[in-house]
Amino acid sequence: MPDILLRYQAEIWQAIGETFIMVGVSILAAILVGLPVGTLLYLCRKGNLLENRFVFSSLNLLVNIIRSFPFLLLVVFLIPFTRLIMGTAIGTAAATVPLSIIAFAHYSRLVEQSLLEIPKGVIDAAVSMGASVKEVVFKFLLVESRSGLVVGLTMSTISFISYSTIMGVVGGGGVGDFAIRYGYQQFQTDLMLYVIVIMVILVQMIQFIGMTIARKIDKR
Amino acid sequence: MIELQNVTKKFGTHTAIQNVSLTVHKGEIHGLIGASGAGKSTMLRVMNLLEIPDSGSIYVGDRELTTRSKRELREARKRIGMIFQHFNLVLNKTVEQNVAVSLQLAQVPKHQQIDRVRECLRFVGLEDQMDKYPAQLSGGQKQRVAIARALANEPEVLLCDEPTSSLDPHTTSEILTVIRDIHERLGVTVIIVSHEMNVIKSICQRVTVMDQGTIYETVPIESSGIPKSDRSPERFIKELKNDA
Amino acid sequence: GTSEDQQETDSTEETAESTEEATEESEEVTLDVASLIPPMTEILELVEPELAEEGIDLNVVVLGDNIQPNDALHHEEVDANFFQHVPFMEEYNINNDASLVPVEPIYFANYGVYAADYESMDELPEGATIAIANDISNIDRSLQLLAQHEVIELEETDERYYTQSHISENPNDYNFEEVDLLMLARMYDDADAVVITPAYAEPLGLTPANDALLTEGTENEFAITLVAREDNVDEEAIQTLAEVMTSEIVRDFLEENYDETAIPAFDHE
Amino acid sequence: MIELQNVTKKFGTHTAIQNVSLTVHKGEIHGLIGASGAGKSTMLRVMNLLEIPDSGSIYVGDRELTTRSKRELREARKRIGMIFQHFNLVLNKTVEQNVAVSLQLAQVPKHQQIDRVRECLRFVGLEDQMDKYPAQLSGGQKQRVAIARALANEPEVLLCDEPTSSLDPHTTSEILTVIRDIHERLGVTVIIVSHEMNVIKSICQRVTVMDQGTIYETVPIESSGIPKSDRSPERFIKELKNDA
Amino acid sequence: MPDILLRYQAEIWQAIGETFIMVGVSILAAILVGLPVGTLLYLCRKGNLLENRFVFSSLNLLVNIIRSFPFLLLVVFLIPFTRLIMGTAIGTAAATVPLSIIAFAHYSRLVEQSLLEIPKGVIDAAVSMGASVKEVVFKFLLVESRSGLVVGLTMSTISFISYSTIMGVVGGGGVGDFAIRYGYQQFQTDLMLYVIVIMVILVQMIQFIGMTIARKIDKR
């Protein structure tokens, strides 16, 4: 292992840990909030099961507002909110708040897109069996789109890593911030490149795992 | 049991069903025939409100379907089984799961589900394909899964859109036997769309002929009975040589 | 009519020649100067008309972080930059094999310690959190400021910069939280105290004179300085720029608009 | 014309076709029947190498298909029309475009394409549905588009997987007439999978019966001719009442 | 119109112009490079028409590397390259270089995902008609996935706006940078909010147009 990596070993491990926390929480937010919101966007769209102009427009606007904000400004804008629920606006834990919000907005769009690809016949079958909307979602839509949802979550996760990079601004840390601070701002170009290699490996792993799962569960 | 009153359904400018009225009696097996594009599938889809008519009313049992609450409509649909022309299986569910889902929706207790699924798959001759996914099945096997799914929940009404379109004569006989059995045993009302006159003639009691979105005529017939058959390839040879 | 035509042509040629000469004498020079935020950018805009009179077309290139202005200068994409203090520039030179040179210090950004809830350093409770910038030269600068006022003690080191690891005495057990420059001011309500430049304190309505618990003053090496390259520092245009940036106009401007926050550095020469 | 030698095709552990050898003569109409899941579709798909066999060889014309270059294989495929059991239409193309694409692939000059598309759609009775998309068609209409697409390019070999499975008797007669016509006029070799004995018996000259992935027997038959029919709904009534 | 907007009118219009240039070029790059790369990723994947482990792994790695880089560092890392092809590394034109690169990498993944949703029967039909790979792509795959491709491009475009926000670092300008510079760094919170409203409107428009087109061309 290169000397410089050994020298910064402790910091790098810590940064990796911080990235895992930030990205992990983002993934949770994507699944727990993004998945329902994306599903609602789909269901409330014109012509679909829960067609509802008001809910659709509101959610659509909310997601667009979040995605419109320059991410840095979103972080700043959310500081009071972050402080409210985390007690502080700085540090890795605090950084998970804006990350989670961008995460759910990001993933909800990918969920919506995946659901749009489901053949209408499947929904016909579900409805004809007397499935409630909840049952249509859980027993049909999510089953039939599951590989698309996993591919989407894989893409989102990789984006979350990229977003987490900016969280150095509020002391979130993480590998990306490490690369920027030590590598770029302190001109340790070799260190920066090593850290980027670490990030590439991380991303390759996520991509590989995600696509493998997606292929395994795709029986169509 | 099922009554359509002056039902019209348009797709854009095209009128698929025009001012149709039809009564299907409780417990009968009713055939629906007509040229391709005559509106048969649309008729079936209107009967469980999968297609919402532009005008007219639909009675299933005693009450108008369109006036029911969502919950009541769902309950009504659970008692109406449907076999789609294009099967509409869930591709990411196994054969077993595709059939089981209709039992789950009807809140059948878990331990009963498994037995019932097996029983239905045995009916259609697929008990050994339980763990396959639809993409691994032949056309006829897919169709049989769709039939098993529709039967699983012991519906009061069964809407069948070309249920035997991909099935060889033996399997067709077996499926028709199953349909007639549940009809006799449970008094199920069956509406069957088919382009195969043999199928219609073998089990239907009344037949409606459709033409360009309207009903041309409804005639009672004497069902001829389901021809005997077995699964052996000799049958094919015999039949080829018999009445050529 | 032929001779008249002839004459006319001649005279046109002459005029053309003379214009050419004129341009040669006062040739339009374009100076690209990279900078970041006010008051730096404002100072540059202020001197633009002065330079135009000298035939220098000043073009302010606004960039977004603390590295790019030096990179752009080093790679000759701009002719000078104006955003940093000399130690920061030296650090860049060492790491990038560059030869940037200071031209003229312009103003002191009077670094200071501010607290929302406390009137003086003594009121600051034990274990309080003090937010400081998170880039190496500003960590150094913040720690030096605190050491200068004996809030902490720093051990001797031959490294270029002091970092938290060099704190040898911290009698009040303060916590130092490193945050991005852009976040520092917003930590004013969050941390017990912040160490910031006046440029960031001003929008909070804070001035070094009235509100700072401690300030750095002007006895230091951190004046914001006009910087050029070794190869162009002696060019007339750069020197002219330095001249107008240290003129009375700039002094008046700073004193009028940035009293206490940006203290002219050129009278300390 | 088409010869399979000892062809085996497995899906995972399941053997869909086991060591099958079959010769289809040039210019014949060859039927393929057998129970659901017997391997009929797989046989057809092997014949144009859509399914690559695990062992055995396939001759189409004079040369082995598996040994050809990609380009030669493509050229061979252009002369083999295929009607899929599930139609496989391009859902984002109109009826017209779905048919035209096979002409485009064969580099038929643009101005001829339009006439040819119209002609084919007239054959299948869809000349007035040119601008619809598949989702707007009934099951039988979709199937007819698939047939038109396969015929458009005047192939030398036509592989038909249940080509009339969704068609009413009249349309079936018409389609069979079209297939027999191009067979007679152009000498097209036709292989037709169908579970409807009427269809097989009406136009086939030889019929192969499949059973569990193997060939049970191939028998020559005297084709009975295509029953006359017209599009009127009275026909249905007549047939219902006739031989009930 | 609020006073402060009037005061900064000229700058805001210029920023909008810069954003249009940056995002416009990104969209071009997404279409001209991302679409082919995504298609290749799909085609070369195991089991697909052009199955090719080497090409697939290379492209996959390339896209992952681009997406792994903290965007700021990608911008910095590409400076020599940018300088080579644009003559300079600063300014709006120069900013389009790193943006185009992230754009193609971003969109190629969405293209890949859309193509993965195409039912296999369509490809069977194409192959059985003797279509060459090129014909399969142009006459079948892109036709059948076109609405998914438009939904994806819409999502990507919105991401490009978000990425362009960071281009202030190299003098790229744009609305996002304007909001950060004036609003955030100079604490003109009201100005910042107005500018963000402009961005939200922009994003809403893109989303609306994109989804409308997608619905119009989806005949499935």
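Here the chain labels run A, B, C, D and E in written order, and each chain numbers its own residues starting at 1.
By our rule, a residue touches a chain if its C-beta (ideal position, glycine included) is under 8 Å from a C-beta of that chain, and two chains touch if they have at least 3 such contacts.
Chain by chain, the UniProt names read as follows: A, E = D-methionine transport system permease protein; B, D = D-methionine transport system ATP-binding protein.
In this text the structure is predicted, and so the values were computed from the model without any measurement.
Minimum number of contact steps separating chain B from chain E: 2.
Centroid analysis (C-alpha atoms only) places B farthest from chain E.
Think of chain B turning onto chain D: fitted on CA atoms, that turn is 180 degrees, to the nearest 5. Chain geometry summary: the mean Cα position of chain A and that of chain D are 48 Å apart. Separation between the centroids of chain B and chain D, computed from CA atoms only, is 27 Å. The distance from the centre of chain B to the centre of chain C, with each centre set as the mean of the Cα atoms, comes to 81 Å. Between the Cα centres of chain D and chain E there is a gap of 44 Å.
Touching two or more other chains at once are residues 86, 135 of chain B. Shared contact sites, meaning residues of chain C that touch two or more other chains, fall at 67, 182.
Within chain A, residues 72, 76, 120, 147, 184, 218, 220 each touch two or more of the remaining chains. Per the contact rule defined earlier, chains pair up in contact as A-B, A-C, A-E, B-D, C-E, D-E. For chain D in complex with chain E, the touching residues are 45, 48, 50, 73-78, 80, 82, 84, 86-93, 101-102, 104-106, 133-135, 153.
Of all the residues in chain A, the ones that touch chain B in their complex are 121-122, 124-125, 127-132, 135, 139-140, 143-144, 146-147, 217-220.
Across the complex, chain A is touched by residues 66-67, 91-92, 95-96, 131, 134-136, 177-180, 182-183, 186-187, 190 of chain C. Within the complex, the chain C residues that touch chain E are 34, 37-38, 61-65, 67-68, 71-72, 75, 77-78, 182, 185, 203-204. Contacts from chain A toward chain E in the complex involve residues 60-61, 64-65, 67-73, 76, 109-110, 113-114, 116-117, 119-120, 147-148, 151-152, 155, 158-159, 161-162, 165-166, 176-177, 179-180, 183-184, 192, 196, 199-200, 202-204, 207, 214, 218, 220.
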